[in-house]
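Look at the two complexes coming up: subunit A is in both, with subunit B in one and subunit C in the other.
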Partner chain A sequence: MRIRIDTSGSRASVAVAGRFDAHEVAEFRTVVEPLVAAADELRLDLSNVVFIDSTALAELVRLDKATRAAGGTLVLTDLSDPVRVIMEITALLPVFTVEEPAGAGADGAP
Partner chain B sequence: MSSALSSAVAGPGGAGPLESALARLTDPAGSDADRREAADGIRDLVQDMTLAQHEITGALIAVQDRMTALRALTQINVESLGEAEADVRMLTEARTMTDSDTVVLVGDDTHLYAGPDPEAAAALVRLVRDQLAAPRQVPIAVTDGGATVVAVLRQPDPFRRALGFARDGWAFTTGDLQLVEAVMSATDMMQTLTRMHLEAVERAAIAQEHQAASSLAQAVLAQPLPRVDGVELFCSSMPASLAGGDFHVFAVVDGRLWFAVGDVAGKGLPAAIVMSRAVSATRVALRTSLDPGAAVAAVSAELYDYLGDVGVFVTLVVGVLDPADGTVRACNAGHSPVLVRQQGRVRPVAADTAPVGVLEIEDPTVTELRLAPGDALLVGSDGLAEQEDGAGELFGYVRLEQVLAGGPSSAEELGRQVLAAVAGHADGTAPSDDCTLVVLTPSGAVAR
Partner chain C sequence: MSGSTPTVAGTDRYRAFKAWVSTPLTEPPRISVVIPAYNEEWRILPTVGAIATHLSARGEPWELVVADDGSSDSTVALLQDLRFPNLRVLVADRNRGKGSAVRRGVAAARGRYVLFADADQSTPIEQFDRLLALITDEGYDVVVGSRAARGAAVHSKSLLRKVLSRGLRILVSAGFGVKVADTQCGFKLFTADAARSLFALQVVDGFSFDLEVLYLASRLGLRTAEEPVEWIDAPGSTVDAAKVSLQFLADLVRIRLHDLRGGYRQRPALPASEAPHTADAAEAGEVADAADGPGVPAATGMSARPVARPDENVTTAPGPAARRSAAPGAAEPPPVPPAGPDPAPQPVEQSTERPAPAPAPRHTHGPVPLSLSREVAPR
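So, the complex of A and B:
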């Protein structure tokens, strides 16, 4: 897993690439946790995640709740197919704020 | 070498006193008085030599004793003796080795000593403490005109800061200080070993508690499978480690078979602890709910706050099968895989709601389906589809659906075939997640 962070003003963008699973969650939390309080909008790019497991999904749910509690928003800006599929299967997709990249036409997405 | 011996064998001026005395004894021109004097000289020399020999033997024995003590010191086994006893043994050996009268080991508030005189030991401890409190510390400090040595340890701990050595009125030599140095090194080494040993013991204790907690958590799953006429049930659950987050619960209420399969996000003991609580909540919900949707809502109401606190969610499917007509009503809270085979065609049973712990679930939808002879309902956990082969490729949903589509009609046989296919795919690769499989099939006519 690789994590890239860009912060500008009250907005923080985090891009995760590679495997996002139980082994990576601790590092993800260490890196992203400080942004929850610092940023009004936390944008998470998952377009290069090749595999996600339930522990990582739970971490995303936890992060979503934590940003809400801190008065901010978590926005998933782009989902790779593996992430989209597992979110559809688990009915988690409606839980998150997902922003499709302009002009992108992922299968079934409007 | 003894001075007496060296002067006897090779005295000053070439020929030794022994040879000159022998020459005078055997000189034909010499007087009787000369010969007597020469004989007395020879007698003295022989006596000197005997004394010297004893001296050498004594010195050799002392060296031998010190060597033995040094060996004993390096072989003190912390593991078999325990810490305190090892310290006492070390002091005893150090006392022999350095030929000291008193040896002390001083810690922050403690001290141990070896020697015959407690008062001498107390005085030495005070001296060591003064030295430890001194602004400028040297590793080995000689005081008291050379009769005491204080050695500050390089690997100190609260019980072992410094060693003190004292002789009763005679000084330590430079050679003795090397022995003190050797004692210090051995003590430092022993302390390192002790620390390593204690850490290992602690780790083993934690591992043992972990194992006990894991078996306790896993024990909540141990219940015999219910038998319901008209339904064949297969169930297999394997945690990836000693315990895991997968669970299953069955109940028979009014002739109907209630089933629940769930998966706590995460692995190992932390997931298992949440799992054991989820099992209790589910067990109560199955026995008190009129409908699978109500059961999922009840589990959610019970666990939502708790799951939020611990930051995990639980995927859960609850269903009730009526063996009279094969109808199944199920509520799927984000669980997968849930697959149904009807007339040879396989399709997933979609989620009715997000997993428990994500949102408050109040009135979820319920999926209804019917199992005719030859049909099957398969509920697994993600460990099933996510089993990797040696190259890291997942078993996947497509393979799982294929095995189900072409599989036998008996739940038992079908379940074994699915597990065999997953094991065949893994080909020895260790499972990365807990793996649960429940299969339900209708088993012919129902007598009711």
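So, the complex of A and C:
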């Protein structure tokens, strides 16, 4: 798994690529945790994640709660197809704020 | 923000998935994926999602069969709640072991190619395409995933198991003539004919069924390839290492005894159309009973596939070419004619379309080296 971070002002963007599973959660948390308090908007790009397991899903739920508690928002941008499918069948898609990329649908992101 | 229109987003793979979950197949599946599942409530849905995304995107009819193994958690309910028209959940009343689960799943599978894959997505499903090409392009009957050196997280449990399994592997190679280095990888692909022949004969309910199947494959003269696959040691294994290794040893003896008694000689293959779909119907039960297990009337058109010379397996290491591509049944019939419903001994040649010449074996290494590659440092 690879993690890339961009911070600009009150917005932090994190891009995760590869397999996001229980082996990667600790590193993910180490990298992302400091951003929770620092950023108003935490944007997480999952477009290059090939697989996400239940442990990583649980971590995202935790992160969503933590950002809210800190007065910010977690926004998932650009889900890969496997991630979208997995979130859908685990009924987790509605839990998150998901921003669709422009042109993806009638109601795409601005 | 577009939370209001979730179904419009996504790309082709997502759309293919949506089509697969909304429309029952109108033709027989080309591919069946069988997942054995025992108490997999934590791991099964992401695995189903990954497999369904990838297989649907291939654009050919496919089905998913999950063979529950008497799970006491919510595995079955989670799957049934999905209400996918092309997913079948075979519920077992009690836990019997992975071998029995895979056997039931394979018996129910209707595809021309049958993959069985573990519920933990340890082998990413993207590797499937490569394995299938070995069957369709190179004429193999069986392609087994082989765990090459990637990211084995060596927690003590799995380390113990791997160390023990190296000794077992030598035994397997010398005693059974099975040259596949990684017999236990939970990612194996079969032609439908091969799958039926193998799993109709196969009797081991536990984890050693992998070895048994490969042993039978070599005895049936099936062409077997071992293909390196990426493998990520998934956390959450439900396996007790030491117990499994001891059981494996016991099973080796069991397989040998069953063989000596002629138990692998005469069970007819289960045609897909006749295959039992219920939990118990395909169970072979005790080894002693296995040869009398549920047979299938010869009228179905599938004939029994007698195993080639029963004494043939005793040798230690035949040359790789002979091992992989010979059709020993064609040379001489078994000394004891099969007593199955179809008395005519048949050569073990498979009947699916495939290029005539036997492919060169892909797998050339001996029994030992691969075990070393598995014991790499944690990622």
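The rule we apply is simple: the second predicted complex is superposed on the first by the 104 of 110 C-alpha atoms of A that agree within 3 Å, B and C clash if a C-alpha of one lies under 4 Å from a C-alpha of the other, contacts with A are read in each partner's own complex, and residues count from 1 in each chain.
The working rule: a contact is a pair of C-beta atoms (placed from the backbone, for glycine too) under 8 Å apart; a residue touches a chain by one contact, two chains touch by 3 or more.
All of these numbers come straight from a predicted model, not from anything done at the bench.
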Room on subunit A for both subunit B and subunit C (clash or fit): clash
Determine, under the contact definition given at the top, whether A:3 touches first (subunit B), second (subunit C), both, or neither. neither
Is subunit A touched at more residues by subunit B or by subunit C? C
In the superposed arrangement, does A:31 touch subunit B (first), subunit C (second), both or neither? neither
Which superposed partner A:70 touches (first subunit B, second subunit C, both, neither): neither
Which of subunit B and subunit C A:81 touches, first, second, both or neither: second
Subunit B versus subunit C as contact partner of A:17, first or second or both or neither: neither
Look at A:100 in the shared chain and tell me whether it touches subunit B only, subunit C only, both, or neither; answer first, second, both or neither. second
Using the touch definition from the top, say if A:50 reaches subunit B (first), subunit C (second), both or neither. second
In the superposed model, only one of 151-159, 169-177, 277-285 or 331-339 in subunit C has C-alpha atoms clashing with subunit B. Which one? 277-285
Shared contact residues on subunit A - subunit B and subunit C: 22, 53-55, 57, 89-90, 94
What part of subunit C is in contact with subunit A in the complex they form? 1-6, 8-11, 13-14, 17, 42-43, 45-46, 48-50, 52-54, 57, 82, 121, 124, 126, 151, 153, 232, 234-236, 379
Residue numbers on subunit B that touch subunit A, as the complex places them: 263, 265-267, 308, 311-313, 315, 333-336, 348, 350-355, 357-359, 382, 386, 433
Which of the residues in subunit A come into contact with subunit B in the complex? 22, 53-55, 57-59, 61-62, 65, 89-92, 94-95
Would you tell me which residues of subunit A are touching subunit C in their complex? 19, 21-23, 50-55, 57, 79, 81-82, 84-86, 88-90, 93-94, 97-100, 104-109
